[in-house]
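Chains: A, B and C, in written order; residue numbering restarts at 1 for each.
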Amino acid sequence: MSFLSYLINGISLGSIYAIIALGYTMVYGIARMLNFAHGDIIMVGGFVIFTCVSTMGFPPLVGVLVAVIACTVLGVMIERVAYKPLRGASSLAVLITAIGVSYLLQNAALLIFGSNARQFTSVVNVPSLKLAGGALSISGVTMVTILTCIIIMAGLMTFINKTKIGQAMLAVSEDTGAATLMGIDVNRTIAVTFAIGSALAAIAGALLCSTYPSLTPYTGSMPGIKAFVAAVFGGIGSIPGALIGGILLGVIENLSKAYISSQLSDAIVFAVLIVVLLVRPTGIMGKKITEKV
Amino acid sequence: MAMLEVKNISISFGGLKAVNDFSVTIEKGQLYGLIGPNGAGKTTVFNLLTGVYKPDTGTILLDGKNITGRSTIEINQDGIARTFQNIRLFKELSVLDNVKVGLHNHFKYSTIEGILRLPRYYKVEKQMNERAMELLKVFELDSVADYKASNLPYGAQRKLEIARALATEPKLLLLDEPAAGMNPNETAELMDTIRFVRDNFDMTILLIEHDMKLVSGICEKLTVLNFGQVLTQGDTQTVLNDHRVITAYLGE
Amino acid sequence: MKKNKLLIQNSITYAIIIGCWILVQILASTGHMTSLMKGLLVPLCIYVIMAVSLNLTVGILGELSLGHAGFMCLGAFSGAFFTNCMANVIPSVQVRFFFALLIGALVAGVFGILIGIPVLRLRGDYLAIVTLAFGEIIKNLLNAIYVGMDQSGFHFSFKDTTSLGMDDTGVVIIKGAQGITGTPKAATFTIGIILVLLTLFVVLNLINSRSGRAIMAIRDNRIAAESVGINITKFKLMAFSISASLAGVAGVLYGHNLSSLAATPKNFGYNQSIMILVFVVLGGLGNIRGSIIAAVVLTMLPELLRGLNDYRMLIYAIVLIVMMIFNSSPKAIEMRSVFMDKIKKNRKEAA
């Protein structure tokens, strides 16, 4: 039974990674950039909810809604101010700028909220589920997290396949030049991608902080990196890949914490990533790329 | 003995036979042309000859030695050097250094000797500089030796690619569309250069070209490739007057 | 002509370093050195070595590495481990430090080869994430390992001190998350400067040699390099492992500058690797002198801004973003060239 509970908790953690990884993967697919600041958007989302709920006393759902709006605006603003001027510049220049944005968000949060960890009140008020006569207990947060991930995934797939802007996103990720020629507004498409990614980051922030209730300016940074690993794991640029990669990562992390060593769990996660990439150099669902001579 | 003897090589990509049962024999010192419409598989033949792709079937003999399935690096050391259709220079390096990279396997000193600046470093570097300048002179690039390669005009970049290939001291030189993007004057000049290289470097040359003036002007023999297969081969004039060749280029 | 230009350029770089050393000596002897500045001197040398060596991988070889701090970590631990183990065998701290430097360089270099063999087949962003992963693994393992030494030899454990199972003579050298404590503080600014000069000597001479040209040829066009008979794997590995081993040297310097050495996210995590990368990119890819200047300026900047207290890192972040946009944005580059043309024109008209 304990194995099952570790597994379920792993899937739940993996669902959070998957939601964050979606943001990484979409932005990479469309703008060809590693958005290192993505993890810090999660942290911003967490602090917005914290302020709304714990300081101002709003109901949790309102807090989440405000966080989603705030992060969406923030994400689009960051893209506009920091990344858009660098379109066409080397990918390394964009990477460094993203790192700068990450520093900026962390230190702004540090300035406003200080470095002490804040106690985050869970936004989920669902009672836990007891199965097998109480031997297996699944917490409310876990269930909500997994459910949210499924809903987001389904919604996103529908959005991309059924709407015009979703199709435009696909087109831009296939071939930016050709998309421009077909009359697609690439700048707008990228802005929408950032908006969606950041909104998802806010939701991920709510779920992450509800599961691990301690909130600091650096809260988003490690989950961000791990979600990035998950995205690469699944094949960066691929949406189903982000889901698979995220869940796998969460499960591996939780099981190795439980059965091998909690100190070494990160090392194990990274080691699995390396093995996967050596066997499949573009990730599980990634497309094979060949260079033409 | 022939310099290059290719027997029945084939390769397919995902079911499509890109090159099918291709054979050719090139004698030492010959200037040989490989022509055909776009997409006929000419560059694929070059990639097979230089080990970028391994042929599914068939054998390649260079100067009597079987080089089938060897790696690009080994084949270069065996004696095949090439240029590329889309110019591939070492852009950030100087013109001189581009040629010196070509000399890499012929003028040697160890990395340690290089870092510690031992006497051999100075001696070999001096030899390399002299040899590289000699080659650049042939292509009239000696005056721009210090320029960054990417700053050269297009025609000069094509010439530099040939110089770099020659630096590896090949027996067989493969030129992939050397006249692409050149104006008639530059092409005429290039024809002289290619002839000069053949005569003075004792070189066997196989070239892909669309410019029929260049092909008929310098090639002694031709092979025409169409849909990955040899359409015809033989003396330049005979081949160019073959009605099948004209049909392949212009359609029915 | 070109040869001389190169010689002059390299000499200027060496001269800058020696000039800095002289300047610091003068300031120190006249008492113009704050203790804050004094504490910064060795770290400055460490960061310069890190930046120059990373430039070899990122700028000269053209492969993005986000795990450079991992090699520094290996150097720091192997160096400090040696110094502590040999405390009874070699009494002189300086001699032990000298050998520790060699060992740190060797260990990091060997790991560079071991990691490089599988990893360097990957390209671009994938290589970046895998190097980041390796850096994190190294940090993580060294943070969890316990190593002790007694009469019968070395004992390892990933659990705790007692499970090392040593006899009475046993000493714990690496104590899990606490790391290595009690390393003599052997690093001085002068030694740091000598190591910087040594790093420069290796990197600059490598770049301007047969192997260096091969490495840069691979960066500029891998397929063409292969076609002229350059062994891609060999030279990629060479550049990567030399870069790793110099980072190892920086690590040994780091380990001997503090009495207690622990692997934390702050000193050996990916954030450190990224900070070094920032030095390299801002200094200019492939520009060695640029790396030195960027490393010094960006290490000093937060310290100089100390008066601004909490705002300093915020300002640092903004400066970083603005500099990147100003340096690399296609629009900014265009505007700059238009501006320069105008100046030239004005000058001509004035003349």
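As a working rule, a residue touches a chain if its C-beta (ideal position, glycine included) is under 8 Å from a C-beta of that chain, and two chains touch if they have at least 3 such contacts.
All of these numbers come straight from a predicted model, not from anything done at the bench.
Set against the Cα centre of subunit B, the chain with the most distant centre is A. When each chain is reduced to the mean of its CA atoms, the one lying nearest the mean of all protein CA atoms is C.
Subunit A and subunit B have Cα centroids separated by 50 Å. Mean C-alpha position of subunit A lies 31 Å from that of subunit C. Separating the CA-averaged centres of subunit B and subunit C is a span of 42 Å. Residue positions of subunit A touching 2 or more other chains, listed in rising order: 293.
Residue numbers of subunit B whose C-beta contacts span two or more other chains: 52, 84. For subunit C, the set of residues that touch two or more other chains comprises 223.
For subunit B in complex with subunit C, the residues that touch the partner chain are 50, 52, 72-73, 76-77, 81-82, 84, 88-94, 96-97, 100-102, 104-105, 107-109, 111, 114-117, 121, 124-125, 128, 145-146, 164-165, 167-168.
Partner subunit A is touched in their complex by these residues of subunit C: 58, 64, 118-119, 121-126, 128-130, 132-134, 136-137, 140-141, 143-144, 158, 177, 223, 270-271, 274, 277-278, 281-282, 285, 310-311, 313-314, 316-318, 320-321, 324-325, 327-332. Across the interface of their complex, subunit B is touched by residues 1-2, 201-202, 205-206, 209-214, 216-217, 219-221, 223-232, 238, 286 of subunit C. Listing the residues of subunit A that touch subunit C in their complex gives 28, 34, 36, 82, 85-93, 95-97, 99-101, 103-104, 107-108, 110-111, 221, 225, 228-229, 232, 236, 261, 263-264, 266-267, 270-271, 273-274, 277-278, 281-282, 291, 293.
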